[in-house]
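In what follows, a structure is listed as structure tokens, so that the remarks can point back to it.
Lettered A, B, C and D in written order, each chain numbered from 1.
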């Protein structure tokens, strides 16, 4: 199986045997990446403290927790309910950490500031790769839709033959779903989180920082949006979740079509390279579609969990609603990345069988033109033509939208 | 219990004893309204046919199915899997329906066109009322946040006392969630659905219509957006679902706070009028908050079902994925309307007890200033002041955002 | 479309145009039935009070709230967060209610006792009808499996032809799912709820009742199980939810098979009577399967909501977790009843096309015997026979299980 | 934080920084364990082949895939959509694998047989540890309930003071939820999966095996139940899912109570050792309860995904519905194990403050006895006593049930 050269492949390995294809998500939102992101947030904040003259220049030091200590960190993370306190303890206990770094590290931040900012940074990176996958798909789909703009095929409603349409229009319909998803991913905003213990930035003020400037400084260092603290207002999180599910919705629907149309009795399309069977040598299973469909069956519940977590906020830090977000966000992001990469490959390799489409349509001729005869009767003329309506024009419309979208965002 | 004068109250009664407060949603998305909306779509399409010279002027006739026949319609709706065919049969069988109306009725449309367009029209109307509720809440919350801009209260994280904050900032945090929801509801687009049997508009073309003009004409008659057919691309539906859940997320979080803070041991706020008990005369239960919280626990799963239905599209009309949308959409919209109205009343009647806040804060003084002492120590000065950071400024920022939002959209 | 003579059809009409086929659930768990059930619980409790000599004989009186007042009751129900207080107020205000009834009505019970007991009673009745539908299906499936015990057909894995099997074994696999669901529904227990304000039965004791005898008395009057109060321990509710979803899981899978195999290109089965199209006269849509599949896509999320509600219990009565159960339980029960009745009809009317099965199998002969050749090679002999393994024996095993199950429970 | 000596701790490390406490699940359902379980299934099947004289004795060989190849296996697993084919290829390519092992390996099984059987074996092991945790909790809760059988405390409904109760009864209510969960976990059945390519065992028969004896042989070797193949009848999976969620429901409710009652304003209980804050030295956060509550917010949606996957079965192997089960099952099992271990520790360390309970009850005296006065008035006598009803008796009843349950299952 050929694989698209994903920008996220990495030497660092994440091995989830329960989710074939998981490696396509590379190191995105791995535990290692979370640790690295949290360290980067703390480093950037030290920069802010130094730059504003609150901490001395020597406090600025690269922060490090050896990957080998990750298992210990997971164990220790439970004590505070999140990994920040234990991570700070490890850094402070490290004899290589300068005394001024120990003194100034994390001052003015809360654990939630660090975790939320790190997650937003990781999600922003993941979303960038999701958007790239969507872009590649748009390009492929535009080509496929134009190639088959006028390829006749039967339309099916509730599984039965309906009227004629074109394969180009079927592809255009896939494309419009992908474009909708693209719009939503493209519109996402990833805000920094800087509120201190309870959102007031009291510690930052006590330290002598200009809180607004410091917050903006952290945001700009990390490429995040500046925003007032949002400790218990989780729209930023649910919007990410909803946009990612919109992607797997669009891909799941493509997968369903491919799975249906590549049944041997239908045979209108096929995956470029099918998957083998452990026991049946002739099989060429539509494995990519199967795995994409798998994702689409699981992501809506993950996004629902994010909404529940958002609704279960209380006080200035929730007693579980916050903690419930992390793993579902990771799973949702990784599954979206995997399904996106698989869909890109699926589309790139898709084999189309116009002759089979034509023969099925021909056999169904009497039925699929019944509506035409009935409409012509009402209108008082003889039925004529292929009864394709504006199929071609609709393809052109979606292609135009696709081109405008790609144009705008490049 | 005083109730806000909701614009949706209606003489037509929907009685759901399983969802106390359901009447607040008025007739929105009732079965009667769905029937009325489908009739209106068919009427508007007849107008299009007449205006474009395809059907004679006499075909234009008000369409009617007596409400008393609704139960029969529900039974008959099963035969085609949706209510349109049975509705058309009833209209055509009606001796009062002019012959030309019988002849031209529904020509060029599919059942899905009628159901989808009717639902979008109903959802657009529901969203308008949701937006009104959000606007009212914004006004109330702005006032409440400013009134208590400087009211000190303890911040709580993971249920425990953290540092001082202001009640104004707590309210501002509620407000920012409401504004996020407002933005998403305000951005919703409700597209018309006109594709005919399989999205190609072949029937419309066969009848001699200019398909683009006809589609735009139907959209404008119903106040909907013009759009290419989206039979199996359901982003319009999932976006509505996600925006509505964003509302109940925001309200659920407010409800949690009120439920927690109105516990007698805390006593910092109270619902204006509490609910009674069937057996304990002294009780004043926070009923509105309870019912809002109830909604927030159920809506995420409804929105997830919409995503699943979107992912389960196939061919030119899905074999279940389409049908699975209707009831969850109705329930999601009505529960959002009910929770919105309840939240409006909850906020309008909220009683705040600053003295109680002050005494709890005073008792916790040593603890909640521990962080301040520690920060002052690091910074090398004596701790001083209320340790409220930029609580006031953050309130002002959210209030500004609220005012700008209301300004823009009026 | 022929319809099975469901025991639940009723003159009382519930009209949900958003859920075609909803009328098949009759009046089960309608608002009217909830009111009637709550009244019956209060009557039965009055009986208990009288029988135990606590209340005078004249307190025993049929209780009545006119159906016309249901809309008022829905409105009034919001005040206490549940309908009981308002219902009691209506009964007490009724001049026909005897003074002693007014005095003794509801004494010793809480609102939650009444709602929970009424719901359990309604759910028990609904489960009985679900079980009847499952029984009918078992009978039909046994016959179908035996009729086609030796009908060859291709097995399909990941949409592709695999090896030969029999249609009887496919049916036997449906049957085993239905039997699993049957076992779970049959094992359900519906407990009475009698705890008073906080589960202690303090009011009952204060009134002079023997609390254990009174509780058992209410249970036996209503045909429910006796049980200690379970106000915030909701396993009884989630077990009902899980068993009902197990039904729609089993039916959804049957529906998927019928939808797939009745595609014109496959044509191995067909619904007895297909549904029509509003515009295409030739269509015979697999509407029952479509609607059953629809249900199976929505019920898992409803059952998940019941689990969340169970997990969100707190104190002696939850502030939303309890209220969130009612509508999902109603929807879950009604959709299960509808899907059950539809599946019964679907199976009764199923048309099987053995000739089509045979011709497809014949065409795929080389492929579907590839594994056989490979196994025979390993074993060192020539491949021989139909390669059906123990398909027949597996059918017999499931049929035996079905007969034993029906035997046991009759 | 003290930790219970969990039987599942292991040297093999799984490090999920997104789920603090994840290490408590040890190696249960890790990718390594899945690989090991699949190897064990293949080994046991080789034993069956040898024992039945189908394969020569030399075919029996320990199977091995080096852990270092796991990342490669994850990558390769995508090609067939599941890891079995790639695993077999690795074994066969290994020069140390005897030729007869290469020849006979996997003969008669399908990939699904291996994955399903391996998962059932892993889930059975996980369920055993869940049951052990529940048993420990039962023991602790029995003691706690009896210790506080007569400790008075206020009952709260909808957050407000209701009537008096005992802390023992509160604990008894927790206990009854834990016992319900215990019953469901204890009743679980873990069936072997042996069907071959399409459930008929045709390959096994072709190889000369007695299929029934072979199937039973594999089951008994692995400690699983014998059962007819269930490739697309997934009740065994959903029953596991539902039982595990019933556990987190029971624990989530306990966590909510502890979180509420350990608020400083209430102060009736406390976690033995609270979690620290990264910035506030005085904090003692109820971290275990927070993390248990977190789990309870996420598991219902995972179980719902299993139901959806069950409903989305089709043909003889589903095109996504099967694959969608694995990761949610793993997550559900691990989160249940973690939450179970955390709840065990939470209960073992729980600190109870009877004096605080007494003083709150005393302050609320007038209110919480209002119902008693009203009942006494109706009954025509003076109110007397503590108004605790049968609180003590209810404790005794649940304790008896607990003892009987432990007795039976030991």
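A few comments on the model shown:
The criterion applied here is as follows: contacts are C-beta pairs under 8 Å (C-beta built on N, C-alpha and C of every residue); 3 or more make two chains touch, one makes a residue touch a chain.
Note that this is a predicted model, so its numbers are computed, not measured.
A count of contacting C-beta pairs for B-C and for C-D identifies C-D as the more extensively joined pair. Comparing each option in C-D, A-D or A-C with A-B by residue number, the pair that reproduces over half of the contacts is C-D. Rounded to a whole number, the gap between the C-alpha centres of subunit B and subunit C is 30 angstrom. Separating the centre of subunit B from that of subunit D, both taken as means of CA atoms, is a distance of 37 Å.
The mean-CA centres of subunit C and subunit D are about 26 angstrom from one another, to the nearest whole unit.
Of all residues in subunit B, those that touch two or more other chains are 81, 156-159, 162-163, 196-197, 203, 259-260, 275, 277, 279-280, 285-287, 290, 293, 296-297, 301, 304-305, 308, 312, 319, 371. Touching subunit B in their complex are the following residues of subunit A: 54, 81, 103-104, 107-108, 155-159, 162-165, 169-170, 173, 176-177, 180-181, 184, 196-208, 211-212, 228-235, 238-239, 242, 245-246, 248-250, 252-253, 256-257, 260, 296-297, 299-301, 303-305, 307-308, 310-319, 371-372, 375-376, 378-379, 383, 387-391, 393-394, 397-398.
Every residue of subunit B that touches subunit D in the complex is listed here, in rising order: 156-163, 259-260, 262-266, 274-275, 277, 279-287, 290, 301, 304, 308, 360, 364, 366-367, 370-371, 374.
Within the complex formed with subunit A, the residues of subunit D that make contact are 1, 13, 15-24, 29, 31, 34-35, 70-71, 73-75, 77-85, 88, 106, 109-111, 114, 196-197, 203, 255, 259, 275-280, 285-287, 289-298, 301-302, 304-305, 308-309, 312, 319-321, 323-324, 326-331.
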